[in-house]
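Note that chain A is present in both complexes that follow, paired respectively with chain B and with chain C.
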Partner chain A sequence: MKFAKLIRRNLFRNKVRAILTMLLLAVIFFFVATLLAILDNFENFSNAGEGANRLVVQSAISLANLLPYAHEEKIRAIPGVVDTAKLQWIGAYYKEKTNFFANFAVDVDKMSTVFDDYKVDPKDLAAFAADRRGALVGKDLMTRFGWKVGDRITLKRQIFPFDPELTIRGTFVHPVQTTTLFFPMEYFQQSMGNPGQVGTFWVKVKDPKQMAAISQQIDAMFKNSDYPTETFTEKEFQSNFLSMMGNVKLLFTAVSSCAIFMVILLAAITMSMSARERVTEIAVLKAIGFEQRLVLGIMLTEFILLTVIGGALGSVGAHYLYSVVDMGKVTQGFLQNFGIHAKTLAICLASSAAVGLIAGGLPALRASNLRVVDGLRRVV
Partner chain B sequence: MIPIKYNIGNLTARRVSTLMTILGIGVVIAVMISMMALQNGVNSAVVSSGSKDNLMVMREGAAAELSSWVTKDAFRIIRAMPGIAKDNSGAPEISPELVIIFKIPKKDDPKGSNVLVRGVTPMAFTMRPYVKIIEGRMFRPGVNEVIVARRIRDRFVNTALGDTFQFGSTKYNVVGVFDAQATAFDSEIWCDSDFLGQARKRDAYSSVIVRPVDRAAFESIKAGIQNENRLKLDVKSEYQYYADQSNGLAGIVILVAIVTFFMTIGAILGTANTMFSAIASRGRELATLRALGFKRRTILLSVIVESAFISLLGGIAGLLLALPVNAISTGTTNFVTFSEVAFNFRINPQVALTGIVIALLAGIIGGALPAISAARMPITKALREI
Partner chain C sequence: MTTLVEIDNVRKVYKRDAFEVPVLNGVTVNVPSGDFLALMGPSGSGKTTLLNLIAGIDRPTGGRISVDGKEISRFSETQLASWRSRHVGFIFQMYNLIPVLNAFENVELPLLLTKLSKKERREHVQAALGIVGLADRSLHYPRQLSGGQEQRVAIARAIVTDPTLLVADEPTGDLDAKNAEETLDLLQRLNAEFKKTIVMVTHDPKAALRAKRTLHLEKGLLVENVGMAASA
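Moving on, here comes the complex of A and B:
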């Protein structure tokens, strides 16, 4: 590129202006990248059980209604079902209400069959199975609260009237559910006076192609019982949780679009200023034989470079910030495994280039279309 | 002091870029105001419900009415306590309430959301006089009649006056629509508590609301219930109960904070940039003013005034842009009660003022740097510039 130097010099001809514009873009794209990453994070959450071939059976009435144990045997008897497990969301917290994390009562003996995507050391699993009040804890949750295997912890009640008192017996690794805690279903049932009811059954299916059919079969089976069910794939189940928050996607997209629109307007002002300032210069370039298209190309390259540098500063900066700062801790567990992915980076860079093109298009076009005599005659 | 007329003249001389700046800042402020309106709406729909004068009795350790139950025996014990206010007819102001979640299909989502259904007695209306029926009539006791909050009717299927919806094995007839002045009850369906208990096979209440005669009675009833070990009940003010639920909406607070922070920085950088452009194009003019004897300080002030003025206009434009969101009614889920919170975006004077003040501040801060550089401009150099 023999014009690289020309572009570079023009880019910084007014240092303050260039830096301010880049900063503006950096701030806005940092923000946009963050919003997109939060959306990504939510989506990731609903992909937690990908490839695990699990269905979730809950009460058709609502998640707050429980289902009787008797349902489980009937579900397990369906051909194509590998195994089932009872799982109950406890919603307890550790010390402070803001220490929010997922905790469940689970059938301990089903960890290896139904929840086989949770990687547990066999020794840990045996120790967990042997303790009526044991806990199996995600690695990240251990670090978050500074727990060690063997620690005794007490969780505080929120939904059910008992405070789980547990001993940590082991840890597990999972690609998404890194801050989950499990404890034995028997402990929950005993504390509640053995109601023989549970919130959800998790059904491991052999063949993913059968999942839809089995799900319909389960719901049909209990349709006319006192406890009708609704069966979801794990993905649907998780995204139901997200849809409960309201239309987050629409909100975030709207806010991001407004932010980018604002940047386009303000960048356009800077660029038209910068184009107006060098009218004479451009006239000279054209006079010495630069074609109109070349002038346009050079100016647009400069403007796009300006916005892309800003956008890159913001989004790549966000990427590094979030890889250094533990957002799980900052947001008290609201965002887990938070980070800016390559896809988000690409979107941000492309949008910042678009900002340069849209904002700089008209000024560049007008400047390059100028007649040489007019340009030379004009006093700026 | 340089007359303001000079600044206004400048703004009109550079009409296009002035308009673009105003619009740019306007968009920023509009987003900010909308987000604050959202928070405000949610707040009034959850947090600022309930009276400080009412006591709310729930099971020990229950975070929400849903996970609480109060037996009918316990209700009778509480009703017999001294110090409870009496209504005009002499009945004690104590309201037993049964709260159950119904999953009802939404107009924009056939899978539906959870709605709180509250079984009440007529006393509930005496104790919450702001709950008013605006269409149809009151439900009759003992039958499958319900009244629906206007905001729920607008968003859910088969919940308008005259409609019937089914839940479990029971059909419910909508005989009335009510308005609860943007409190939590505006996200609920109300019906007779005995009927709801039979239909859902529940033989206990979820909570009991009590109005004591005065502050002393408030404390004595509270202590009386808490010290009665048989009851295993907890007491707080009704207001406190709803205020505690704000935990379930922490996500919105974080979001509003993030948006406001970034948008403010955006507005500051935006104005700074425009003002730099504005003074750059009139270096000679400013130098002439200096040469005429205007002080550096005066120039500084003049640029800041201009910047503040332009962002004030931006703030007002933003408010105008944001006004239409005021009518939007939407919903989210309260993760303490796991049920729908219907709310309106609410732009109140405080939100509007905050937006405009932020715009003004952004203008002053953003204008400061260009103003300093304008004031420092060497006269001779600037005059020589073409």
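Moving on, here comes the complex of A and C:
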């Protein structure tokens, strides 16, 4: 492009100002990329069971209220239900409270039917089933704590009054749940004095089209019992679980929007100053034949470049930082498989271009509409 | 000698808030091809306004301006911009070079609007810088040049497209005596040797003496026409 040199030179005509503006944009877009990636991470978590055709049955009162075992047989008898499994969130930790991760008591024999999206070596699964105190552990959790199959570990109580003492019998692979630990429901029940109650039933359904109907059927079945239920799809359940932290999505979106709005204002000030300083030069360009549209195009390109470079520095910088830093470790397992993905990068780059267009639009338009005689007369 | 610029009963009124300020009150003058015309007059007499109208960077309130047979007072902004790029070279009092571009790049600017190749543009720029005697300063930025050198780069920029008309607004106004003389020498050479038609606004009688003829303006009217008999 013939005008590339003019655009480049103008972009860096005041190096300190240009670099500070780019750094400001880089910091803001690093922040925005991180927030978007966290939302992305939550979204992945919510979609963890996508395609698994599972419903989750919990107490209608709250997740903390347990349901009687007797419910399970009734649920399994509903036409269209393939199988059911009991699952109890334990909420224990390893050694330190900061070593928090997802740990569940589960019906061991249902790993291959209800939780068939967890890929387990058959030998490991057999070893897990054979040990009342066995544990099946996600690959990333094994790496995080440096565990090996055969290691004995003790988890510390937090909700239930017992410390699970476990032997790792195998590992599993899952696209999202990579830092989860399962141990047998039998061990949990015995340790708790066999109360015959559990937090959730997970229901494998044959046909995904039937999920809504079966969900209603389950809740209707227990509506007038002492233990009414509320049934969700797995995605709804995971979203509800996240929403216990508040409306994170709304909060993050609001914070990101505020940050972008702030950067638009700051960029607009910088760009207005830059355009104002060049009034005479713009008048000269127009005098020698640069048309209004060409001047507008040159200035907008310059302003958009400024913001896109800043946005790229921030978002691509975040991408590389999170590919080097294990955010799972940094956040004690809160953010697993964390990274800035292509979609987030594209959103950040498009947003930074939009910032340039919005912030620079008015100064560029005013400059390009300048009458030559007025510009030449102006002493800046 | 053919007439290049025809100015027929041109009026210009500026609006300042609620007030109308008449600047030109019916000026009629012709500029023949190859002329070197100086416009003189006190401040506010309308000489720069007349120059701006001839150069197509301002529009008259009334009357008619034709350059090389084209009535530019009827052109749209886009047509005017395109016309200026091909037919007018500008020389300003404060040189008005782009500070982020070196001498070569400043002179090349008007050529970016043409379809010339990079090689052809380089040849034209080198020729223009050669004419003004600054071929060896092509990589210098404006801040690295003296006032006189900056003005010569500005002149090279004005002539690089080989325009029909050169307009100069106080070209020696910001220069010391020596550099002013050199600039006027150059303008005279462009007129005599390269047959460029030049219209120059000046306060300086010495500068006006270098022109072939001088028009005096006062209160927006032409009051005196001194010099070449061929004028209208």
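Rule of thumb we're sticking to: the second predicted complex is superposed on the first by the 380 of 380 C-alpha atoms of A that agree within 3 Å, B and C clash if a C-alpha of one lies under 4 Å from a C-alpha of the other, contacts with A are read in each partner's own complex, and residues count from 1 in each chain.
Just so we're on the same page, a contact is a pair of C-beta atoms (placed from the backbone, for glycine too) under 8 Å apart; a residue touches a chain by one contact, two chains touch by 3 or more.
All of these numbers come straight from a predicted model, not from anything done at the bench.
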Touched partner set for A:247, first chain B, second chain C, both or neither: first
First, second, both or neither for A:262, with chain B first and chain C second: first
Which superposed partner A:13 touches (first chain B, second chain C, both, neither): second
Partner chain(s) touched by A:287 [first = chain B, second = chain C, both, neither]: second
First (chain B), second (chain C), both or neither touched by A:157: first
First (chain B), second (chain C), both or neither touched by A:272: first
Larger contact residue set on chain A - chain B or chain C: B
Chain B versus chain C as contact partner of A:372, first or second or both or neither: second
Parts of chain C lying in touch with chain A, wherever the complex brings them together: 52, 55, 57-58, 77-78, 81-82, 84-86, 90, 92, 94, 96, 98-101, 105, 109-110, 112-113, 157
Complex contacts: residues of chain A adjacent to chain B: 14, 16-17, 20-21, 23-24, 27-28, 30-31, 34, 60-65, 97-98, 157-161, 240, 243-247, 255, 258-259, 261-263, 265-266, 268-270, 272-273, 276-277, 331, 334, 379-380
Of all residues in chain A, those that touch chain C in their complex: 2-3, 5-6, 9-10, 13, 280-281, 284-292, 371-373, 376
Residues of chain B defined as touching chain A within the complex: 16-17, 20-21, 23-25, 27-28, 30-31, 35, 59-63, 66-67, 101-103, 109, 111, 113-114, 167-168, 247, 250-251, 254, 258-259, 262-263, 265-266, 269-270, 272-274, 276-277, 280-281, 330-333, 335, 338, 373, 386
